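What follows is chain A paired twice: with chain B in the first complex and chain C in the second.
For the complex of A and B:
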């Protein structure tokens, strides 16, 4: 990337952020909306500054559980997708149950996660895993099944075995799809971890973002609620950026999505 | 019983802001004034007096047409009333003082529970003698950020226990003999006993935390502009609670119809257990629901000392019509 292209990547989102933030600030000022109903962006930022220590500790704790959940999703989701891609019969037998993960209302089963895994990081990680695994399965599987037919024919002509075809053709060509799944999963893992924290966080020495949100609601500090939500968004954004970095590093030499600029 | 999910709170906030109001108050056909009361939970004995008021027609005789609206987890009653989406709701004295310190104009006009109905429930097999001992071992489930969680944390510390969220679910308690949790002293111990446990309850009044609860709130503007409506509503509610204390059966049957997850036997047991908490704390006080300034002042001092609020004018926070 050249210097110019880096600027062109950073400036547009900053401008839109400033415009939307200023617009919201003015609209809330003009309507004299009380902070306890909807805090102005400036009030949220000052709540963020006032609670910086507490909220950054909470964010680190949530980040740990969410990233563990995301890693489990990547490993298991990827593996499940490979198994499902083996044969149409396997797919027909098991794919419907993979969809189950997508439809699980995690709020409803979160209390059961506590019974199964105990309070603390294991239950929270499980909640992050459950909501983030399906996009990885679905995207990776679609990648594994949409390998270029011409290349498949080429491998057949050279009498490559199933394993060789999988390792040298199907898996590499599914990587962009897998990473798309991982991008979707990264935000979901943060949401899953926070929902997990609502029921399973051990907070005697602080707690995660979920607990920070609960506390701010009980204290009726709407500005702090939004500040905590903002930290959750930043965490999701951070994960997204990491996946993009992995995507760039793994595909910069060969895939059109990372080489065209 | 009163867990409020954040998602519900935010959703309701958005609905409030986008103007999806709970509905306009058109005058009733027979000239009665329509008035709506927003509950903060599903129909349970803690709201028995409101349903009893409807059954005996107390609202009709006071010229009102009372609409009791059930709530649930996430009903942000304080915000709904403060924003003017509804004129009356059910809250508690501590939430009123906190909301006022954040700039919301809320005033309490009637207090169902003269004695704070919450406590900490543990297993009697542990042989604990006091609240202090509850904080010496095991797990304790409380809603983080509530004033009493702050108070207990300050008083006893959480360094020897594992503190976890309270999720309105008895399973963890039944599952773990070293588990303690916040409870409505009138409700969860009864449910735990029916599930085979032997609970022991330490009321929060043991540590001097005794705010009015089951408090009807409105805005000071409503009191100033329509004092007659406020008086009629309080009279209606008071008659309802008198009727419910005399015989809760009919109101219980109606609430059981609206909330079938609680069986009639539990309704009856809870109604009996809550009676002493509803009776006037001071025997010289004859009327149900009346509030005293000293109690509000004591609460304001506690919340200020805990650092939850930084200012309070307790005399403006309540009004006995």
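For the complex of A and C:
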């Protein structure tokens, strides 16, 4: 990437952020909207600065549960996709239940997670896992099933076994799909962890971002609520950026999405 | 996994195997692509197969390769032809592997130790003029280079039967001529049996010992014509009267096949 193109990638979103922020600030000032209804951006920023220590501790705690959930999703989602890709019969038998993870309302079953896993990080991780596993299963499966037919023929000509074909052909060619799933899952895992915290947090060491939001709402500190939400968004962005980095590192030589600049 | 090491051969005798196809039939849905098809390919023969799109050229190649099963009839290949090599329309390289590891893949799948197969791949790459590109990835190569890598991959097992399915169709004329020259040189050195499916009459006449034209439906052989031009055929042969008359004869049959 050249210097010019990096600048042109960063400047426009920064300008739009400043314009929208300033516009919101002025509009809220002009209408004299009270802070408890809708805090001005500058108030949110100062709440963020005032509670920097507490909020970053909370963010780290949420990040831990979300990343554990995401890792479980990647490992189990990838494995489930491989098993489902084995045979159409296996897919017919089990795919509907994989869809279950997509359709289950995590808010509704979060109390059950507490019963199963107890209060604390285990239930929160489970919530993050449940909402983030399906995109990984669905995307990886579609990758495993869409291997280039000519390449499959090539492996057949050399009489490659199922395992060799899986390891040397189907798994590597599904990597771009897996990473697409992981990209979607990364944001969902943060959301899942926060929902999990609403129900299952133990308030140990101050709790996570979800707890911080809950407490701030009870205390009617709207500015702190927004500051916490901002941290949660930044956490999601951070996850997304990490997955993008992993994607770039693993595919920089060969996949069009990473080789084209 | 059974693997017979490439046997030593002499260029004079060649390594090609004969192929006999009898009563071969294959249909897809309601369409009879090949019906009661007979063909004999001699050991060390270069056969070109021409015909309109959908005439069953590729199906024939897939049946010979064992990638598809016939409804009836059989393909008999005398002595052990394995490994067969197949060159696809697209280079079909593994994009996550370097050129060197792509070329070594067939040996890897047949259980040749790493050091040995990488050494063989490097040596072969040098002969196709891609020694410098060994460490590069397919995305970093031109279309012509990718096809050369694909050809090198097919050759690394020293196949006795080489099947090519319109391999150079997507390339520009100059690159195509280079690859045709290379393929001819290789054929003359090894005398493997080659079945070359193409849309180009000139390419068929330039390369083949014998050219078939298949009909649009049912895969009937409309003509089976030996090409008697002496080898090695240079690019200049394409301007001779003999070359032109061979092309004209095949073109006439192809045109009849279309109108029929």
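In the analysis below, the second predicted complex is superposed on the first by the 260 of 261 C-alpha atoms of A that agree within 3 Å, B and C clash if a C-alpha of one lies under 4 Å from a C-alpha of the other, contacts with A are read in each partner's own complex, and residues count from 1 in each chain.
Going forward, a contact is a pair of C-beta atoms (placed from the backbone, for glycine too) under 8 Å apart; a residue touches a chain by one contact, two chains touch by 3 or more.
In this text the structure is predicted, and so the values were computed from the model without any measurement.
With both structures placed on the common chain, the touch criterion links A:213 to chain B but leaves chain C unconnected. Touched residues of chain A, counted separately for chain B and chain C, are more numerous for B. Of the two partner chains placed by the overlay, only chain B lies in contact with A:37; chain C stays clear of it. With both structures placed on the common chain, the touch criterion links A:119 to chain B but leaves chain C unconnected. Once the two complexes are overlaid on the shared chain, A:160 sits against chain C while remaining clear of chain B. In the superposition on chain A, A:172 contacts chain C only, with no contact to chain B.
After overlaying the two complexes on the shared chain, residue contacts for A:254 are found with chain C alone; chain B is out of touch. Looking at chain A, you'll find no residue that touches chain B in one structure and chain C in the other. Per the touch definition, chain B reaches chain A in the complex via residues 4-7, 9-10, 13, 16-17, 78-79, 82-83, 95, 98-99, 102-104, 139, 143-146, 149, 158-159, 161-165, 167, 169, 171-172, 175, 308.
Put simply, chain A touches chain C in their complex at residues 148, 150-151, 153-161, 164, 168-169, 172-173, 175, 251, 253-256, 259. The touching residues of chain C, when paired with chain A in their complex, are 1, 62, 65-67, 83-86, 88-90, 92, 94-96, 105-106, 108-110, 137-140, 157. Listing the residues of chain A that touch chain B in their complex gives 33-38, 107, 111, 114-115, 119, 197-205, 207, 210-211, 213-222, 225.
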